[in-house]
Every structure is written in structure tokens, then in C-alpha cells.
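In what comes next, subunit A is part of two complexes: it sits with subunit B in the first one and with subunit C in the second one.
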Partner chain A sequence: MNLELHKIAIRKLEWGPRTGARDHVLTINKEELVSLLLEDPALRKVEAELAHPGDSVRILPCKDAVEPRCKLEGPGEVFPGWIGDVETVGQGKTLVLEGAAVLTTGRLVAPQEGIVDMSGPGAEYTPFSKTCNVVLVFEPVEGVELHELEAVYRRAGFRAAHYLAACCKADKPDTVESYAFPPMTEAMSAFPGLPKVAYLYMLQSQGLLHDTWVYGVDAKKILPTMISPTEVMDGAIISGNCVSACDKNSTYTHVNNPVIKSLYAHHGKDINFVGVIITNENVTLADKKRSSSYAVKLARMLGVDGLVISEEGFGNPDADLIMNCWKAERAGIKTVLITDEYAGRDGSSQSLADSCPEGNACVTAGNANEVIVLPPMQKVIGEPATADVIAGGFFGSLREDGSMEVELQAIMGATSELGFNRIGGRTL
Partner chain B sequence: MAYRVIHYINQFFAGIGGEEKADVAPEVREGVVGPGMALKGALGNEAEIVATFICGDNHFANNMEAVSAQVVEAARKYRADALIAGPAFNAGRYGTACASVCAAVKNALDIPVVTALYRENPGVDLFRKEIPIVEAADSARGMGKAVPALARVLLKQLKGEALGAPAEEGLLEKGIRQNMFYEQPGAERAVSMLIKKLKGEPFVTEYAMPVFDRVTPRPPVADMRTARIALVTSGGIVPFGNPDHIAASSAQNFGQYDITGVTDLLQGKYQTAHGGYDQTYANQDPDRVLPVDVLRDLEKEGAIGSLHPVFYSTVGNGTAVAKAKSFGIEIGKRLKDAQVQAVILTST
Partner chain C sequence: MAGRAILVTNNPTFLSRVPAGVEVLVLEGGARDALTAARDRVHQGWRLANHPLYGNFRPHQQPYRSLLLLPPASSGAADAESLHFLEEALQLYQSPVSRVRQSLPGDLPEAMRRDCALLDRELLKATLESLH
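And now, the complex of A and B:
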């Protein structure tokens, strides 16, 4: 499978009469975008705002971030199962508006959304202070149940992202990147002498709005399986999560999965990157045992020497992470784990809810309990009152002057366990 | 002008005597005594030991607070900018004394302090989170190595320079996790670490896996028909309005709620404060998380002796293990005092 990413670099957004990209400026016809989204009868009102890096703007509660993408050539359409059909993606050409993102916001499940600050100390922690954002604020019609509403917001984010990219199909890309994913027979004989490495990609599937979808299938219901990294780039895996904002994988970070990026960067030099295995994080013990054994079995069938394992979420999924780790290590496969930490506000607690001696190579994305004060911003998009009840916020989080004291947990993507950021932890 | 340093040592290093002199009362001598000579060399022109506080190990152990207060007073009197204690190597009473006076002076005067101890010295676990402790050998043979490290760490603090990683500074880890920004994103660090691991090259994990407590289960309750059963939950069930403001995640407290006469947790009377799951079904019927209704039935049927009239609740979501442990100890104590025989713990 071969995929070309045709990237247009976006550095500025503006409203205008015709949606399209020119000289790194994405012009958007607001009415067209909003009326497209209002086709969904579950939405009563959609507001659209623009937020740029460096703006004195706070966005909360932010649900998902989506990078504008669409297919230029090749079977299917991006976000299969949500936009267009469920045809297998990951081949042909895909257009990417790099540097732009759609952020969705609106009252959902009270506590489970995040904060994006476009400037100030909070901006250091979120990937979405570096993107030019189209922020969508949703209001539903009455009587839509919460879990249905989550799906409504999710779809609206994809539609907006797809619309923006699709309007730029005629515009010339700034760069073209090629990604090859050869058949197994070729992959296995390539680069003799280099260790074979796969990626074990854990997907949040605890349920009750902690959901991830693969080609429209609820990840709770999958057995671990193989996926091409190019399919991931086309949005085969999307986020339906309303979980702590710091370490949920947004749809943006799925399509830009940095582990896949790093494995490609080392492919053919230090390692032979032979595959991606997706697995889930269900809540029952039987599910955990089944999925970890099955995922490690797939790794053994591939005959890999090493696995990078990334977790999503914390607490309960720590048990899945640890099972994946020791089962792989005892099968003779070397592992590195990517997790984050809940070491308490003073950093003095142990950081994980489970552990094993085999987990001797661990990368952490930082202590999510660390407290940060976010100064007031000139403009707030969304609903600041939610600061008291979002995960990572606490009663009294929102102060009278508009500043907020929160744990990093509340900041969108702050401790990404895909290893998206440079943050990490150390022991003093 | 050189920084003024006060130095704490015991009777042995002061040359007064060994175990037979461990009861000697504190005295302060101006200038350097014993290992202070070596420290003087290491500190050079930048800092000067202006006084040495000497105390017998047993005397300190029996009068910890009083002697600590005297050290603080001496530091004040000599207008000390900093305190060095020890090195005490693996001497237990001396090590504890060194670490205690460091902590006392730091708390009272907020000036730099440092001591040097062997990693297994009991003073380490007592004070490692509060004060910098240079890692020393287990005996005075390690003096030559400990002294320059003590001087370096102290001078850095005096100049307001940030201390580097414990391994770089020769310090024992405080065991505190702190965030930092690495050069590379986490994903690249992970792939690089895996490459090293596959090649058999040395690598440094960013987090050494914790070791967990294992709790041996108690024997089963002999007779449930006479047992008093309590309900405790990490599922966040609280009276409507969340009167104790238990946070949706990373809870800092737990609540204790009276359910005398309550047979059913009704929507609008109780709710969940938990931020880690869709609250719809828990708020519709809080008994789904905290089954008061079923336990009242069992009580009525005589299957259990009684339902304890108080339940305890917190939110188990992004809650640090240390916090959870402290809640558990306190709740357990209260249940024991109330002569509860068994507890049903519900999560989510």
C-alpha cells in the first residue's frame, strides 16, 4: 500500500466569500460551513470562531481536534464510516491542510473535556496552541441523549474538517510525502540484519463515552488486529472520547500518530518497521486477558524483535499496558512503553496503577496531576464555568479575575501517550 | 564577601569520644572542627565555616526538638547563610540527627542546607523529600568523595543556581516526580530507547516501575446474619449538590454520609461527582453504583445483620495512589471504631 500526503501549509485563517487556500491563508465561507453542519437535525445552533497561535484566547470545554483532510485519489474517503463509505483507505493521495485544525466544543458530559490556551503558560502544553483553529461551538436541539450528542458533535467535526480540505482540492500542495507499506513477503525480507519492530497501538475502549472507532466499528468489539500505518493517516481510527483531556488521543493525533512517524524515520536505518497492531482497553478482566494475549500472538506471528506500546488513558488501562508488556517480554519480544503519570500534585505518589518488573523501558509523557495557573484571557470560546467540574479542574478552579488553577490533566493533549509532546517526567 | 556556614557534627567526629560520650550536651565552637577542615578546603574562598555545633548522638535522639531549636538559634546568632550537617555515612542516630537539623533550619530560616548519608541510613527515608542529601559511602572511608559534593551542592544553592538531576549532582533521589521538557517528543524517545534495548546498549528508563503493596485477604465473615456491613465507594456517589466538593478527578478528600432511614438512593437526592464516566445512568439511579436498596432488602430479609448507617465515598479517577492510600487508612480506622465487620467496596 502506498499513500501520498499532499500537504498545504496553513499559517492563517480568515472568513471570506469562497473557501480555499492561497499563500498559506485558508479562507472560509462561514455561512456555507455552518449551514452544512446544521443539516444535522440534532443541532440547533452552530457558531464558528477562529483562533490563532499567540491570540489571547481560551477554548473550553474542547472535545476533539481534527485535521482537515480529504482524499484526492484512491479508494474510499478519509474518516471511513463517518464521511462516505467504509471502503479500505490508506492508498492513493490524500490532501492535508497542515497547520490547521477543527476544534469542537459545546456542553457535553460535564467533566470530560479540555482546555486549549492559544497563548500564555498553558499554550506550552497543548499541541493545539500551535495550529490555526476553526472552533465550532455546538448547541443541540432538546431531548438528544448524551451519548447520541457525543456522536453528533463527533460527526460534525469530521464533516467540517473534510469540507475545508475538499474545498482546497484544486490548490497546489507545498510538500508531498510518500509512505509505503509493502506486502508481508517483501516486508519480512527487507533490510536483513535489522531488528523487526512493530507498534502495539492501544485504543481507549472503557465505554461510557470512552470510545474509539475503527472504520466505524466500536473498538470495544474488536479482537486485536493489524492495520496499515497509511490507513491510520487516512482517519481509519477516530476518537469518540470524553475522558481526561490530557491523555486522550484526539482524532488529530491519531492521523498524525508520532510513533508511526518515528518508526518510519528509523525504518531501513536502525529497524525494519513491519506493522501496526491495534488493541483495546476494555474494563473486564476476561477482555484484558484475551486482548493482551491475542495482540502478543499477532506480534509473534509477525516474528518481531521489539514492540513500542502506547497506552491511552490511565488507571484501569494501566492493567492492559502491563499485561501487554510482560506477555510480550516473556515471549522474547523487547518492549518500550509510553504512558503518563498520576503522581499527585506534589509528585510524591507512585505514578501508575499497575506495574511489572519487565517494564524496565518506559517513556512518560509527564505527571498529569501537576498544577498550573492559567492567567485570564481576553476572550473565552465556550463555557468557562465548566472549569470547576472538568477532570483536572476542581471547585474554585475558576477565579474571579478569569484565571484558572487546574491540573495539567485538564489541558487538551498535555500528556499525550502517543508521545506527541516533548514533556516528560524525572525523579528528583 | 564569603557566605557564612554553620556545621553540625556529633561527638565522635568532634574528637570528644565514641559511644561512651554519646550523651554529651550540645556546644558551639567558633570555626572548624574535625571534618570541617576538609570542608573548608572544598568551599575555598566562596564560603566560610563560622561555627560548629556539636552534640552527642544519644543526647540528640532524646531531645530532638530542643536540640533542633538550639541549632536554629545558633544559625541565627552566627548569621549563617547555610547549614552543612555530617557527613554521617551509615551511622543511624547521627544520620537522623543531621537530616533533622537540616529540615529544622530549612523550615525555620529558609536558608540552604545539605547533608551526606549512606543510601540506607534511616535519616534518608525520613527526610529525603524535604532536603538535599548527598549520597555517601557506608563509612568514613567515603569522606574524600562526600566532601566536594557537599560543597558543590551547597554553593550552587547559595548562588541560587538550580540543582540538576540527582545522578549529576551526586544526590540521593527525593522520590518526587517532576515534569520537564526533553529535547525530543516522547514518541521519538521511545523508538530510540527501543533501538538501544534491541542492540543491548545501556538505556535509562524515564520511570522506574513502582513496587506495590499486596494485601492478604481477611478470612470470610463467619456469620453474615449478625454482621454489620458498610458500603464504601470510589464511584463518587454523594448527596445531591456534592456538599463536600469532591473533585471530578484527582480527588483531594472523601465524604462521610448518614443514610439512617434511607432505603433507596433517589434521583435528585443523590448523584455522582465522578468525572471519569458518563454520569447519566448513575444519576438516574445512584443505587447502580452504591447499592443501598439491595442491602436494605438483605437487611430486612435477615441475610445480613445490619447496614452501617454511614457510607464513605470518593472519586477514583486520576487520583494519586498516595492520596487513595491515605483515604483508605482513615476510612478503615473509622469503620473499625464503629465495629463494622465487613465492607462492600464498589468502583465504577
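And now, the complex of A and C:
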């Protein structure tokens, strides 16, 4: 499968009469965008705002982040199962508005988090402080049931992102990146002498507000399966995960998965990157056993020497991570785990809820219990932090001057277990 | 499966919402009490059907906890895996930070309590469905 990403670099957003990109400025017809989203009868009101890096703006509670993308050529459409049909994607040409993001916000349930500060100390922890953001604030009509409402918000984010990209189809890309994923016969015989490595990509799938979708299918209902990395880039995996902002994988993060990019970068140099296996993180213990055994079986069928395993979330999924680890290791496959930590505010507590001796190669994305003070911002988009939520100790404390003392858990992408972080270490 | 499964919970909204054939035991108190009651039953041979921790909620972020237990196997021996997960979970709930910050359902504002109860039910849905 061959995919070209045609990227237009966006450095500024503005409202205007016609949606399109010129000189790195994305002009958006606000009325057209809002009218499109209001076609959904479940939405009573949609507000659209712009937020740029450096603005004194706080966005809260952010649900999903979506990168504007659309197909230029090739079967299917991006975000299959949500935009257009469910045809297999990952081939042809895809347009990307790089540097732009659609952020969705709106109340679903009372516990709220998902902070994006566009400036100040909090901005250092979220990758979405560096994107030019179209922020959508949703208000539903009366009586929409919670499952449906979550889907309405999610779908509206995809429609907006697709609309923005589709309006720029005629505009010239700044860069073109090519990704190839060969048939297995070729992949297996390529680069003899280099270790074969696959990526085991864990998807949050515990239930309402904790879900991920693959081609429109609820990930909790899948058996582990293989997917081409180019399908991931076309939005075959999307986020319905609205809880634990720091380590949920937004749709933006899925399509830009840095683990996949890194495996591509090492492919043919020090490893032979032979495939991506997706698996779920269900609540039921029988599902955890089934999925971990089946995922490792797929890795064995591929004959890989190593597995890179990324977790999504924490607590309950730590059990899935550990099962994946020891089952692979005992099958003779070396593993590297990517996770984050809940090690207490001083970092001295146990980091994960589960462990095993085989898990001896682990990459951490940071301690989500780390405390940070977020100063007041001139403008809040979404729903201002309320005392009963923030001061209740759920995510931190709200101070009289509007500043907040929160743990990193409340900040979008602060400890992304795909490594989509602003702060980190790198070997030079 | 011989016998009925039992749902050990401190979430009273479960009372009228479990499938036929599942017994419900609603406890007073917090999430830790539900975990302890489930742990005690595991020592009597009951087996855990769902993981005892929530994904993406920490002990102080969800005052409810519900655990579905399957009837004891004929040997009556304690299931080591169920015990392992419950002890790991209890350790987390009993850590100094969690103990101080844990809340009881009654401590929460009404809207928060209602939503936490709903999410507790939602996150057990797939496990309850797996019984059939």
C-alpha cells in the first residue's frame, strides 16, 4: 500500500468569505462551517472560535483534536465509517492541513478535564498549544441520550476537519511525504540480518467515553488484527475517548502516531518494520486474556523478534499492557513498553497498577501526578472551570483569581503514550 | 456455569438495572469497601469477571465501584488471578495519597454523583453482557 501525504503548512487562521489556504493562512467561511455542522438535528448551537499559539486563551473541556485531512486520490475517504463509506483507506493521496487542528468541546458528563492553554506554563505540556485551532463549542437539543451525544460531538469534529481540508483541494501542497507498506512476502524477506519488529498498538475500549473505533467498528468488539500504518494515517482509527486528557490518544494523535513514524525512520537501518497489530483494552478479564493471547499469536505468526507496545490510559489497561508483555516475552519476542506513570505528586509511589519481571524495557511519557499552576487566561473557550468539579479535588483546585492548580492528568496530551509530547528526552 | 453471578457494588442505581440471573449486593460506603467485600468472596472461591480498577479514573475520581463475581469452581479454591488483581487494586486505594483524597458518594454534588453512577454502570455493561 502506497500513500502520499500532501501537506499544506498552516500558520494562521482567519474568518473570511471563502474557505481556502493561501500563503500559509487558512481562511474559513464561518457561516458555511457552522451551517454544515448544524445539519445534525441533535445540535442546537455550534460556536466556532479561533485560537493561535501565544494567545491568552484556555480551552476547556477539550474532547477531541482532529487534523484537517481529506482524500485527493485513492479509494475511500478519511475517517472511514464516519465520513463517507467504509472502503479500505491508506492508498493514493491525502491532503493534510499541517499546523491546523479542530478541537471539540462541550459538556457530556460532570467530571471535566481536557485543558489546552495556548500560552503560559500549561502550554508547554500540550502539543495543541502549537497548532492553529478551530475550536467548536457544542450545545445539544434537549433530550439527546449520552451515547448519541458523544457520537454527535465526535462526528461533528470529523465533518469540520474534512470540510476544511476538502475546501483546499485545489491549493498547492508545500511538501509531499511518501509512505509504502509492502505485501507480507516482500516485507518478510526484506533486509535479511535486521531484526523483524512489529508494533502492538493498544486501543482504549472500556465503554462509554472510553472507546476507540476502527473503520466505524467499536474496538471492544474486535479480535486483534493487522492494519497498515498508512490506513492509520488516513484515520481508520479514531478516538471516542473523552477521559484522562493527558494520556488519551486523540484522533489527531492517531493519524500522526509518532511510534509509526519512528519505526518507519528506523526501517531498513537497524530494524525491519513488518507490521502493526491493533488490540483492545476491555474491562472483562476474559477479553483481556483473549486479546493478549491473540495479539501475541499474530506476532508469532509474523515471526517477529521484537514488539513495540504502546498503552492508552492507565489503571485497568496496565493489566493488558503487562499481559501483552509477558506473553510475548515468554514466546521469545523481546518487548519495549511505552506508558506513562501515576507515581504520586512526589513521584515515589508505584507507577503502574500491574507489573511483571519481563517488563524490563520501558519508555515513560512522564508522571501524570505532577502538579502545575495554570495562571488565569484572558479568555476561556468552552465551559469555565467550576468549583464543584475542579475544587472537588477531581482534577485539581480552582483559586479565587481564576488560576488553577492541577495535575498534568488534566492537560490534553501531556503524557501521551504515543510519545506525542512537547517535553521529552532524545538520544543525540 | 453453576449458580448465579453476584454483583458487589456501592452503586445503588444498579439495583433495578442488572440482567436476570444476577444477584446484586449493594454496600454502604466507598469504592474500597466494595473491593474489600469482593476480595473476601474471592477467598471463598468466587472468581472476578471484570478488572477491579477503572481505566482512566483514579480512586478519588470515581466514588463508585462495582465488581461482578462468578460462582466458585467446584474445587472451591481461591482463584489466584482474581486475588492478584484485587490485591493490586486495594494497594492503590490504600496508598497514602488515595486514602486522604478518596470521597464517598454522599460527599459529591448531585450532578457529579449521578454522572459517576452512570459511568460506573456503563463501564460494567460489556462484562454483564458477556454472561449471556
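Note that in this section the second predicted complex is superposed on the first by the 409 of 428 C-alpha atoms of A that agree within 3 Å, B and C clash if a C-alpha of one lies under 4 Å from a C-alpha of the other, contacts with A are read in each partner's own complex, and residues count from 1 in each chain.
Going forward, a contact is a pair of C-beta atoms (placed from the backbone, for glycine too) under 8 Å apart; a residue touches a chain by one contact, two chains touch by 3 or more.
Model, not experiment: these values are computed from the prediction.
With subunit A as the common reference, subunit B cannot sit beside subunit C without a clash.
In the overlay built on the shared chain, the residue A:342 is in contact with subunit B and with subunit C. Once chain A of one complex is fitted onto chain A of the other, the partner contacts of A:209 extend to both subunit B and subunit C. When the shared chain is aligned, subunit B and subunit C each come close enough to touch A:243. Of the two partner chains placed around the shared chain by superposition, neither subunit B nor subunit C is touched by A:70. A count of residues in subunit A touched by subunit B and by subunit C gives the higher number to B. Of the two partner chains placed by the overlay, only subunit B lies in contact with A:334; subunit C stays clear of it. By the touch criterion defined above, A:146 reaches both subunit B and subunit C. Look at A:319: by the touch rule set out above, it reaches subunit C but stays clear of subunit B. When the two structures are aligned on the shared chain, A:420 is found in touch with subunit B, with no touch to subunit C. By the touch criterion defined above, A:261 reaches subunit B but does not reach subunit C. With chain A used to align the two structures, subunit C clashes with subunit B at 315-323, while the other stretches in 171-179, 189-197 or 315-323 stay clear. Shared contact residues of subunit A with subunit B and subunit C: 109-111, 146, 206, 208-210, 243-244, 314-315, 342, 344-345, 349-350, 353-354, 369, 389, 392-395, 409. Chain contact summary for the complex, subunit C toward subunit A: residues 48-51, 53-58, 60-61, 81-82, 85, 88-89, 91-92, 95, 97, 101, 103, 108-109, 111-112, 114-116, 118-119, 122-127, 130. Across the interface of their complex, subunit B is touched by residues 109-112, 145-147, 195, 197, 206, 208-210, 242-244, 257-259, 261-263, 265-266, 270-271, 305-308, 310, 314-315, 334-339, 341-357, 359-370, 389-395, 407-409, 416-428 of subunit A. For subunit B in complex with subunit A, the touching residues are 129, 165-166, 173-191, 193-195, 197-198, 203, 205-212, 245, 247-250, 252, 275-281, 316-323. In the complex of the two chains, the subunit A residues touching subunit C come out as 109-111, 146, 204, 206-210, 220, 241, 243-244, 247-248, 281-288, 313-319, 342, 344-345, 349-350, 353-354, 369, 388-389, 392-395, 409.
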